[in-house]
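Quick one: the structure is below, questions incoming.
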Amino acid sequence: MAILVFPSLAPNPYILSSGVIVLNWAVLATSWNFVGGFTGYISLGHGALAGLGGYATGLLITKADMPSFVALIAAAVLVAALAVPIGFAALRVRGASFVIVSIALVLILLLVFQSWSSVTGGSRGLVVPRPFPGMLRPEHHRVFFFLYGGLLLLALATWWLLDRSRFGMGLKAIREDEDKAESLGTPTFAYKLTVFVISAAFTALAGGLYALWFGDLDPVFQFSVLTGSYIVLMALLGGVRNLYGPVLGAIVVGIALEYFKVEFGNTPLHLVTTGLLLGLVVMFMPDGVIPSVTALVQRLRNREQSSIREVTAADLAEQRKREREGANS
Amino acid sequence: MLVFQSVVLGLLLGGLYALLAAGLTLYFGIMRVVMIAHSAFLILAAYLAWWTNDRLGIDPLLSMVVTVPLFFGAGVLLQRGLLSRLRPATLTMMSVLITFAIALIIEGLLGYAFTGTQRRIQLGYGTASFELFGARVAVVKLIAFGLAVVSLACLYVLMKRTQFGWALRATIQHPDAARLVGIDTERTAGFGFGLGLATAAVGGTALSLDTTIYPSLHWHWIGPLMAIIVVGGLGSVPGAAAAALVLGLAQSLLQIPMGATWAQTVFYVALFATLAVRPQGFFGGRLAQRF
Amino acid sequence: ACGGGGDDEEGGGSGDPIVVGISLPLTGDFSEPGKGVQEGYEAWAKITNDKGGLLGRQIELKILDDQSNADRVVADYEQLIGSDQVDLVVGPFSTRLVVPSARVAQEYGMLFVEPAGAAAEVFNQGFKNLFYAAPAVADDHYNHLAEYLLALPAGQKPATVAYAAMDDPFAQGTAYGLKKKLEAGGVKTVVNEVYPPNTTDFGSIAAKIAAAKPDMVVGGSQYQDGVNLIVALQQLNYQPKLAAFSTAPTSPEFAKAIGNKTEGILSPTGYSQDAPYESNKEFVEKFKAQFGKVPEEDQANGYTTGQVVAAAVQAAGCAEQGECQQKLIDWLHGNTVDTVVGPLKWDATGKPQGAHMIQQWIGDDIKIVLPADAKEADMVYPKPAW
Amino acid sequence: MTLETRELRKAFGGVVAIDGADVEFLPGKVNALIGPNGSGKTTFFNCVTGMIKPDSGSVLFGGRDLTGKAPHVVARAGVGRTFQLCRVFPRMTAVENVLAAVRPGGLVHGLRSAHRRNETERAHGWLTRLGIEHLADAEARNMSWGQQKLLELAGVLMAEPDTILLDEPAGGVNPALLDRIGTLVRELNAEGRTFVIVEHNMDLVMSISDHIVVFDRGRPIAAGPPAEIRADERVLGAYLGV
Amino acid sequence: MSEIELVDVQAGYGRAAPVLRGFSVEVPAGTVVCLVGPNGAGKSTVLKVASGLLGPRSGKVMVGGKDMTGAGPQKMLAEGVALVLQGHSVFREMTVEENVLLGGYTLTDKAKRAKRAAFVKELFPVVGERWHSLAGLLSGGQQKQVEFARSLMVDPKVVLLDEPSMGLDPKATSTIFEQVVRMRDAGTAVLLVEQNARRALQTADLGCVLDLGRVHISGPAADLLADPQLGELYLGGRPAEKPPVV
């Protein structure tokens, strides 16, 4: 809804372009949440997957002469395929080791894309041709705003579908106790890999769309740990167990980032504020805003409410006897 | 000739890597904390060394008199104030994020205080060197290497031979049980963290002797250091040292055919190879437990 | 929607100021040169305003920080043009940022004069609105040196050269411009190293160079990597006949940074405080008064950019968004502008048509040694030991 | 279906945990596996369910070779298990814990809702049978040790495996409930499920099992009905400590 | 005078409703008090409060006549109160040796430490046999034995045991109950939580049944054992021994 009316309300192209950026974050954070939210594997490397998506789109357009949007889809498929071996290596390890591997992924890709300049353009960057040449900039923003909006809806719908499904239940079981889940018959590795690939595909779509919108790719910015950590911050802030959590987080953090830039533009204090924000979230709302607020509301409404119904051994025995009698009669 | 020179350079570099990885080993392997901010503290220490030299004109090595206790204190505070408040169940994950936040804050403050300009300490003996079997050995690099060796040895003895080391490991593995045998877990964990940061102070000073520093430099160090502790076996100080030497040497030698950029990939190749073949690490790692 | 004029723009009313929008890397990797450029812009605004402004209107700078980040730089210009409705925009620092920001300006139909996009690829993107406000692009920085070396008698001519360049379009451009010319002249390349921008350990690169014992070493460097490479070479006690580094040696802290062992080190420069051009004297003098120090190349580049834009505005007689911008662009394509770095003119892609001077450390100072008609001292060759 | 092992062997470094075990459990019966601490019972379970790979030997289930198969394959073949150090999904409620044990078949099946009415009802049914229905909506991490133990059992039962391996189901469970678990095992057994129970509570073992296998130092030293085992001297010496 | 006494204790976790609601118990020196009750009754919580791991919301914890309410486990240990946790609390990635010696962390006398270590090694053969392996690699019951051995490194005045026999084979269970008796005879106050309730009550002097955080009934252990209703509700029993249901 808001997505539909925002472009007509935006007072100028700058606000509209900020809107596109925020939506980009929202798609990224939602895509991240396929892995982070369901399986509990925290990846700081999703920035690199977006970067891969962007570069793949750009290279397919420039080197293979594909039409822009065909290239976008092809790039997502390509990245999804690439996510299989990446996931194969990364998902073998759990917890902290996985985080390290995800950081390593970013750094490796940065090295490769920087050094392999004959293909990627190296640190000179890659210029992605405009999908709508000749379109004026404000119009261009509007089109991409709707494209991102559509992608976000698609990602949200997929997340919702998984969340309520048995497949999603299996993933959540993995998050809680992987060995136990496996012993209950969940093919944990296949599940993790599948959801990682889904996540990578959506991330790559967002990255590819960004490449089309933005036009310039530079390895330093495409493969940055910072991007990945903003994504994590957003998802965490909103709440990873909630459908709209990452979107909310993206809106809050995305706007905050723009605001910091305007406020503290000429000092590195934006890093400090981001750091403080992340710290506060981790310390005081590790479950995110949405769950924290719901919990608070619930507590205000009826204090000391406990989900455990209390029964004594005598009650239980009584109950049991009644059951038995019921069964007999 | 070039090969031998590279071997010498590689070993000296490896020594520095070993020292820097030692602190990480401490938090990660023993305390289950992924300390992303370690290299940020490293840069902070390097900046302090640079600053004392720049302002007061004294030898950067002397700055350790202040930075080591200062960092120790900061570590204790950090542990008590932040990390000890995280839920044990999500400690590892959340510690990544909280220390990441700290790294950002440090980087931002450094940029604020000293601007983004690259800095380098100008030492009278900065370009001095001597010859060793045909290779040149720079004095500053040797000093850094010496610092690394001494601190690593101290750390090893402390962890293995003293009661503090035992108490620290016990605290991390089962805090309640540790309290029940009479360990002051809060103080122990705080000291453990302080110790890790103290190694960052030493490492940062060593680093500042022969390299340029700038606020965002810490990103550059995170990858190789993380790779080293994984290859070395999480939690094993000797493992980290061995891995650091081997990888430092490999990087230095690979630079001859591959150039500086591609040579860096050796860390990541080693990281993935380790995870594929021996997830518990090649040199240490006693318990083949997956995290 | 971007048709320009709001209520506050009523033609050339002398009341309201001309707002010039700029995005600069005030933090992040390029913050140091970024600040230099900022000072150049500020000096230009002040000096112009003190003289009564442009078209009788005061100049007002609106500077945003792009954190040395391409996403930011685009958002900044987006904000400046789209939201703040500035009258003019001028360029940011570093090639990496110039290309994306020039595209924003182009798509809004704005003139884009920039102080720092020296690399070749800036000019093959097909921009029609872009002008580089400096004497030469990176590839041409060493032209005078190449001529000099190739003209040396066979015995003296350096036979082998080692190149080490930062993986950055600008830095690499300078070194490879020279490499191409020397190789064409039969000088052998024995080492060719590229290192990433964030490299801090130069031991191995230096070892490679020292082991090859070339006559000459060329560094395609920014500031600190140049210093590091020189120190690492000195630690290995390597003594070349000639050493040339881009950017680093012209910095005021350079001598101290390498322990004052500077004698004979070469560097190309697009600017000299002592250059005889008319506006330069005024610039140096007033800059000193404003900032308490002498201007360096970065400051001069910023100032030059201002001068170029001002000349166009003066000639076209307008400064606002909309049709005026095309007039400015057309005028610059057809004319020469006198600046603190000499007269500048551009080809259709916005590429300037000149070369850099070559400076050398002689005694405790860095002096112009090439070209012959601008020299302050004679070139020292081969250079003494460091 | 018969669960049996042939010459199963597993050593950890110098410690031989299972030393060539030939074991056959009676299908459709309640089997017990007893033995002193460290005799290899848990390791045996781990080898059978694929949590660790045996060094040599084979695991057969209804004639199918399950040696070295991944745990989920074994589970899908019809062997369910509980853990000695009780494992539940800490941040899921009791009902969700039980529902998580329903495993999807194909893709379409996997995308179906996890909270289908009949399955939720079945989950509640198990909680009721184990006397923890009142905790249905409590998160597992807030439960006491014994409650978690029961919850874990409910999860395994929900998956309806053919053969159920229980590792110390009585550990930490209140004796009054224990009687109930005993009865439950017998009931389920009557419904056709095979049980293999590792347990140190001899009262429970002797009262519910049909067939007992005794382990010592990684290999079976005796097997037979309770009465026979109770009288076996080797067992008395190795295990009961008389 | 009782060695340890809990008076009208209210305690709970986080913001949830209290688990203990006015619970009192006292353990005189040289006495074994056995606490039984259904799962989730709050037995472990009682021991956590008594050992200082969990601060009570209200009520008092008295040790040797001194008010120790709110003191942490370290102070409690200094007063001679030791707890063996329920479940598995070995230091998994340390060797058995390190685990056992850490039990004597507060001992300054090295000789005494060595003597106690020799003693526990003898008591639990496994401990000696696996002296140098990592504790986390032992079997469940073996770990439990290491834990118990660890707690025997000091001799406290008050011992709190949370289901010490869980997961132990009959032999080791007997060893533990023998130790409990030995400690009592040496004058130690023992507060024992056991699900092996009949056996525990046979060893204990006093018994106390806890349900939903309150004392349901308490008295001499033998009386509780004899009470048929308690038997059915809390102690279980082999079907054969069950009183016929009329």
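Things to note:
Going by the order they are written in, the chains are A, B, C, D and E; count residues from 1 in each one.
FYI, contacts are C-beta pairs under 8 Å (C-beta built on N, C-alpha and C of every residue); 3 or more make two chains touch, one makes a residue touch a chain.
Bear in mind the structure is a predicted one, so any value in this text is a computation, not a measurement.
Counting hops only between chains that touch, subunit B reaches subunit C in a minimum of 1.
With contact taken as defined at the outset, subunit C and subunit E are each touched by A, B.
Of the two chain pairs shown, A-E and D-E, the one joined by more C-beta contacts is D-E. Put simply, the chain farthest from subunit A by mean CA position is E. Per-chain CA centroids place subunit A at a distance of 31 Å from subunit B.
Distance from the subunit B centre to the subunit E centre is 43 Å, each centre being the mean of its Cα atoms. Centres computed as Cα averages put subunit B at a distance of 46 Å from subunit D. Chain geometry summary: the mean Cα position of subunit A and that of subunit C are 40 Å apart.
Among all residues of subunit D, those that touch two or more other chains are 90, 142, 174, 176. Taken residue by residue, subunit A touches two or more other chains at 111, 114-115, 267-268, 270, 310-311, 313, 316-317, whereas all remaining positions touch fewer.
Counting only residues that touch two or more partner chains, subunit C has 27-28, 167, 196.
Partner subunit E is touched in their complex by these residues of subunit A: 299, 304, 306, 310-314, 316-317. Partner subunit A is touched in their complex by these residues of subunit B: 28, 32, 34, 82, 85-87, 90, 92-94, 96-98, 100-105, 107-112, 116, 215, 219, 222-223, 226-227, 230, 234, 259, 261-262, 264-265, 268, 271-272, 275-276, 279, 290-291. Those residues of subunit B whose C-beta lies close enough to touch subunit E in the complex are 163, 166-167, 169-170, 173-174, 176-184, 235, 286-287, 289. By the touch criterion given at the top, residues 1-2, 5-6, 9-10, 12-13, 111, 115-118, 120, 122, 124, 126-129, 136, 138, 141, 211-214, 216-217, 219-220, 251-252, 255-256, 259-261, 263-264 of subunit B touch subunit C in their complex. The touching residues of subunit D, counted against subunit E in their complex, run 12, 15, 35-43, 84-85, 142-147, 149-150, 168, 170-179, 200-203, 207, 239-241.
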